[in-house]
Amino acid sequence: MAQAPEGGLTAMMRSVLAVGAHPDDIELGCGGALAAHRAAGDKVTMLVVTGGQNGPGLVTERRAESEAAARSLDCLLIWGHLLDCAVHPDSGTIGLIEDAIRQTEADVVYVHAPDDSHQDHRAVAAATISAARHTRRVLHYRSPSTTRFEPSLYVDISAHLDRKLAALACHRSQVESSLMVEPEVVAASARHFGAQARVRFAEAFVPSRFVWDLSPPPQLPLVGAEAPAFEEAPAFETAYPSRAVT
Amino acid sequence: MAQAPEGGLTAMMRSVLAVGAHPDDIELGCGGALAAHRAAGDKVTMLVVTGGQNGPGLVTERRAESEAAARSLDCLLIWGHLLDCAVHPDSGTIGLIEDAIRQTEADVVYVHAPDDSHQDHRAVAAATISAARHTRRVLHYRSPSTTRFEPSLYVDISAHLDRKLAALACHRSQVESSLMVEPEVVAASARHFGAQARVRFAEAFVPSRFVWDLSPPPQLPLVGAEAPAFEEAPAFETAYPSRAVT
Amino acid sequence: MAQAPEGGLTAMMRSVLAVGAHPDDIELGCGGALAAHRAAGDKVTMLVVTGGQNGPGLVTERRAESEAAARSLDCLLIWGHLLDCAVHPDSGTIGLIEDAIRQTEADVVYVHAPDDSHQDHRAVAAATISAARHTRRVLHYRSPSTTRFEPSLYVDISAHLDRKLAALACHRSQVESSLMVEPEVVAASARHFGAQARVRFAEAFVPSRFVWDLSPPPQLPLVGAEAPAFEEAPAFETAYPSRAVT
Amino acid sequence: MAQAPEGGLTAMMRSVLAVGAHPDDIELGCGGALAAHRAAGDKVTMLVVTGGQNGPGLVTERRAESEAAARSLDCLLIWGHLLDCAVHPDSGTIGLIEDAIRQTEADVVYVHAPDDSHQDHRAVAAATISAARHTRRVLHYRSPSTTRFEPSLYVDISAHLDRKLAALACHRSQVESSLMVEPEVVAASARHFGAQARVRFAEAFVPSRFVWDLSPPPQLPLVGAEAPAFEEAPAFETAYPSRAVT
Amino acid sequence: MAQAPEGGLTAMMRSVLAVGAHPDDIELGCGGALAAHRAAGDKVTMLVVTGGQNGPGLVTERRAESEAAARSLDCLLIWGHLLDCAVHPDSGTIGLIEDAIRQTEADVVYVHAPDDSHQDHRAVAAATISAARHTRRVLHYRSPSTTRFEPSLYVDISAHLDRKLAALACHRSQVESSLMVEPEVVAASARHFGAQARVRFAEAFVPSRFVWDLSPPPQLPLVGAEAPAFEEAPAFETAYPSRAVT
Amino acid sequence: MAQAPEGGLTAMMRSVLAVGAHPDDIELGCGGALAAHRAAGDKVTMLVVTGGQNGPGLVTERRAESEAAARSLDCLLIWGHLLDCAVHPDSGTIGLIEDAIRQTEADVVYVHAPDDSHQDHRAVAAATISAARHTRRVLHYRSPSTTRFEPSLYVDISAHLDRKLAALACHRSQVESSLMVEPEVVAASARHFGAQARVRFAEAFVPSRFVWDLSPPPQLPLVGAEAPAFEEAPAFETAYPSRAVT
């Protein structure tokens, strides 16, 4: 949990960290849930592990797209700088994610599902499971390349699907060129999982470990709600040096 | 395998039996695949195990809807006469399905997935697994009430989705009143599974046992293709007496 | 969701239904979570499906024990009247549970895990999965007789273990005579699952379907909190007639 | 799909790629299915990822054995040149397999099952799942070292078991010295899986993704069937440079 | 554990109970392991739950075959008298098996695997799991009709395969007429599982619960070993009345 | 199997090898089973793959702790010298474990479960599965960091829990500083699994492959039982050079 930065009020909120291998993975997998977290007053940070160097699109372009998407979801962004298609679930990658967990005091972590046809997705899932070993809520999202996936936990994104699609649309280089990024399929899957969850649109998750907090602290009315707590927060980045993990 | 009834030509074709607990289950679960089978020249029979007596809708109404749906898919129909919400996977139910397999010489059987929140679906799945114990291809389809379902076999229904939705629309009493029958969700799921199958629209199946026939017999051009082999075939019915199964 | 009965205040709360086959199953499986729900202001109802007629202990004795346990957990009690060791997942049992869901407006349902060596536990799990097919949160708890169980959702009961053990102690006839009811094991398992959940004591659950509500309605301070909303509520009972389920 | 090379006739056929880590893995895992594919007129290519440098047997010897086996199965052979016991599922290995898929226009890919006690088998399975992410039919075969394996798809090899054993016998260095290569066990397993598939002899597969093509294009009688299309085709090789995969 | 009946010597031995739905199920599933148990000095009892009334073969004939098979394996036989194709996992069936466990003081129980296409096999598996809830070793064997089966525990029957086949041959009515009973397949499967177990021939099991006894009591040389302890023991029968289970 | 070293008597015994990534993993996972093996007269060797260089605690300190723990369990110790948090399941690691198997003539191997949040645990599990590919008994133990774990095989450690806790207490640097090493949880888990196994305290295992030896060779009374066979055996070490595995 983290303390809200907005001053006198000591409203408690969840701190959420979403981890993805490439610049559009998080939006595809849990963009709707992140919007729902923000709407509930939670703090949300996105950690993009690689720069998506293999394209389509240049790294600078992809980073600008990620920043735009983070802004549209009103989330913080950490840019991980690892190399596309060369992520290993080793101490360096684990350390990068551990630092993000520590820095954000995350008590909810979203990450790829472990069974995926993309080697980076598998590596980031494994590294995050290691890094989040003391975190009480670790949820795996689905990617178009995920292979086995039997979800049991859902987030209702009926009120947030538009925002998810808008965030995804920021990744123009992908939407235009990648077979795996199709907004039409994103909406269809949300409806498919929504029916499973008995809501309209949903994102689906496989919980690795989920401690259900029955008594979330009172969420007091934010002062000056028209000025969202994170609007001014600039998307920041950190280059994490590879270090052994303890 | 079965011999085509259309006369001099000895074209071989598959004989397909689809089994469902209630009047709309087959259309929801594998209506697109059945249309694809018909388009490939296969013989297709639908076995509706109960009359859907618990409604919504009267039995006579539901039967008329089923006949209309079977006609629209150009399939034969067997009406099973068992009691809605009271199906047991016992010798009687197994015998009913065994008779249908024998009568149709089915070499492909479609049926509910075993893990389902509806007791009749579970019972029909279990009884069909028993009845089809010597059949080489047994495929489980998904219902809105299915719980666990990890498909690995798909049928491309991109050319047949319209036909599936048309067949489903014949079940007016359900589309209007049941929370579980929503054409919009049917289309969304077909797109969702299509993306998984790397096609546009797909139905997804869990194979219980699937012998892949690499050398299907030559499918000769049908004589008088504009007069489909089954168009005249009246939907027939059989009341199966409950008997011990051997 | 249900409206709180305490008058002018319109505090929203969850409505929880716990279903168990025999008089002590619920306390063993999720007694701690129920205490946590009550502490969070939720409404909680226990549905005991059979009278535990096969003993040890007489039915009247066991019912008195259940009522004492429900009182100690400050929960409502529904006594189901079905026959011990003769529960079937049929329309009658499903209807009994459906009525309880409807009556309590439950949006959280707890029930046995489906893989269990006791036939009644399997039957009650299957019947509840049918009855709760439209409920957004269905969680399976573990019994001493459960066979396969891979939990992924936990409730922290560190503050409620004493209460769970006290409720269990009300079932004197079982604690004294049944091999399956051992308070020492209950505490050990809570510590075992607590370590898995990264808390001190936990109960573990397998979610059948769990929609995570990120924005629970504000839980206003209860007026006269020293007079808990349910303290006066007498444990009530209803004899549900067996009916076909629709 | 690929066009048949035999000239005027435009018969369509499947293009099959079988991937194995070591010189005898493909024959052991799916040699019978490959023979069945050839009998059905399909094009078949074998990609042997490493040279089997760790023996028993020298690389030159093992390559000659592989060429003889490919000839006996009437298949093309690609020799991958990676190092035995040092395969990683990285961009280099993925690129090697992607190139083979592209070059053969494969629409069916066979590969090791992911759970295997040999590290190279695990690596080749993972790399192939990545490389074949757009392929509609990916089937996992079993090796003597496979650990978990629950097959649901079978190919009837009753007419091809002799050919499989003949191909395997070409790997003299292995049959004589390796505990894992026993023709007697190969035949026993084929009978075991045959009984499961309700045929005489079968090979068993776990489908990762299998789109069932209900309407394979007509397979016209090959001109000069006594001169098999691939008989003259020399086994060719390609040394794939390691490259990043996109 | 049970005390050996042979007098002065107080050698301890295991007491094994094998449960099967029909007259040949036990021999098919674990006949080799039973022979191995007898060779190790254990007491072995076979409980045949139904009379196999549906044939092929008459009940008297099938019972004589079972007695011959039990004699050839040197095991005791309990004939259960329930009705073929009509077994339910209810209190009556559970009570029948509980009595056999109590009477034999069994500490090892073999029974069908739960996932099977035959309804009686499923019912007997479920009832035995209930009846053996306090037994420390419950092992599931495979039948030709078993569907899902991922074994991890094996018994080496290299020295006992002949005996298994001889016991099976006693069931002449089945070997001659049933598609499911083929000695050739039995031997092939034993070799298949033997290779998995790293022995020559093996039977494979899925443990429901297996407490590995590291220190079996000393097995003293039997006095008059040429007169096997059970040779004189007549195959006995008991008709178990259906009773509620406690 | 190995011959007992105690001279004239040719008592046969099992040879057990336990493999762990870090200095306290073996004691946590299977310390009780190892004590039970020693009590049954088996030879037991512990292979600690890394020096636990990342701490808490210095390598020299941790090695002394491991030696004390091995002494307290009366087991041999092999110190593997690989680097903490940098273990890969490659030929070097596999070779290290293969050498230990060969040297100890192990016929039982204990190792981490494959699904674990610690990267070294995953690597050591995978490498051991490779190294023990010809071993008939490979059992996976649970660590506090294990994620998925569905045990089916148990060892009764009711008489050995004290010894397990004493061995664990030797790892003072861990017990004092690591969140993952809590003796209270170790005892609770042993009681939890004991209840599952129908004994008092148990360790739980997932068998990868377990050939049940029904006829263990007679375990003759040891001469001079008061002088345990291994008491004099000094804990030895071997530095294994990394080599390609064949």
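We call the chains A, B, C, D, E and F, going by the order they appear; numbering starts again at 1 in every chain.
We adopt the following convention: contacts are C-beta pairs under 8 Å (C-beta built on N, C-alpha and C of every residue); 3 or more make two chains touch, one makes a residue touch a chain.
Values in this document were obtained by computation on a predicted structure and should not be read as measured data.
Counted as hops between touching chains, the shortest connection from chain A to chain E is 2. Chains making contact with chain C as well as with chain F: A, E. When the contact pairs of E-F are matched by residue number across B-D, B-C or C-F, over half of them reappear in B-D.
A centroid comparison over C-alpha atoms places F as the chain most distant from chain B.
Annotation: B-D is the more contact-rich of the chain pairs A-B and B-D, by number of C-beta pairs in contact.
Comparing the contact residues of chain B and chain C by number shows a mostly separate set, under half of all numbers used being common to the two copies.
The centroid of the Cα atoms in chain A and the matching centroid in chain D are 39 Å apart. Counting partner chains per residue, chain D has residues 134, 208-209 touching two or more of them. Viewed as a network of touching protein chains, the structure does not reduce to a path, ring, star or complete graph.
Counting only pairs that meet the touch rule, the chains in contact are A-B, A-C, A-D, A-F, B-C, B-D, B-E, C-E, C-F, D-E, D-F, E-F.
Interface of chain A with chain F (complex): residues 89-91, 94, 126-127, 129-130, 132-134, 208-209, 244-246. Residues 33, 36-37, 39-40, 42, 134-136, 152-156, 196-199, 202, 206-216, 218-219 of chain A are the ones that touch chain C when the two sit in their complex. Of all the residues in chain A, the ones that touch chain D in their complex are 54-55, 85-86, 117-119, 122, 145, 147, 179.
Across the complex, chain F meets chain C through its residues 144, 148, 150, 182, 184-185, 187-189, 191-192, 194-195.
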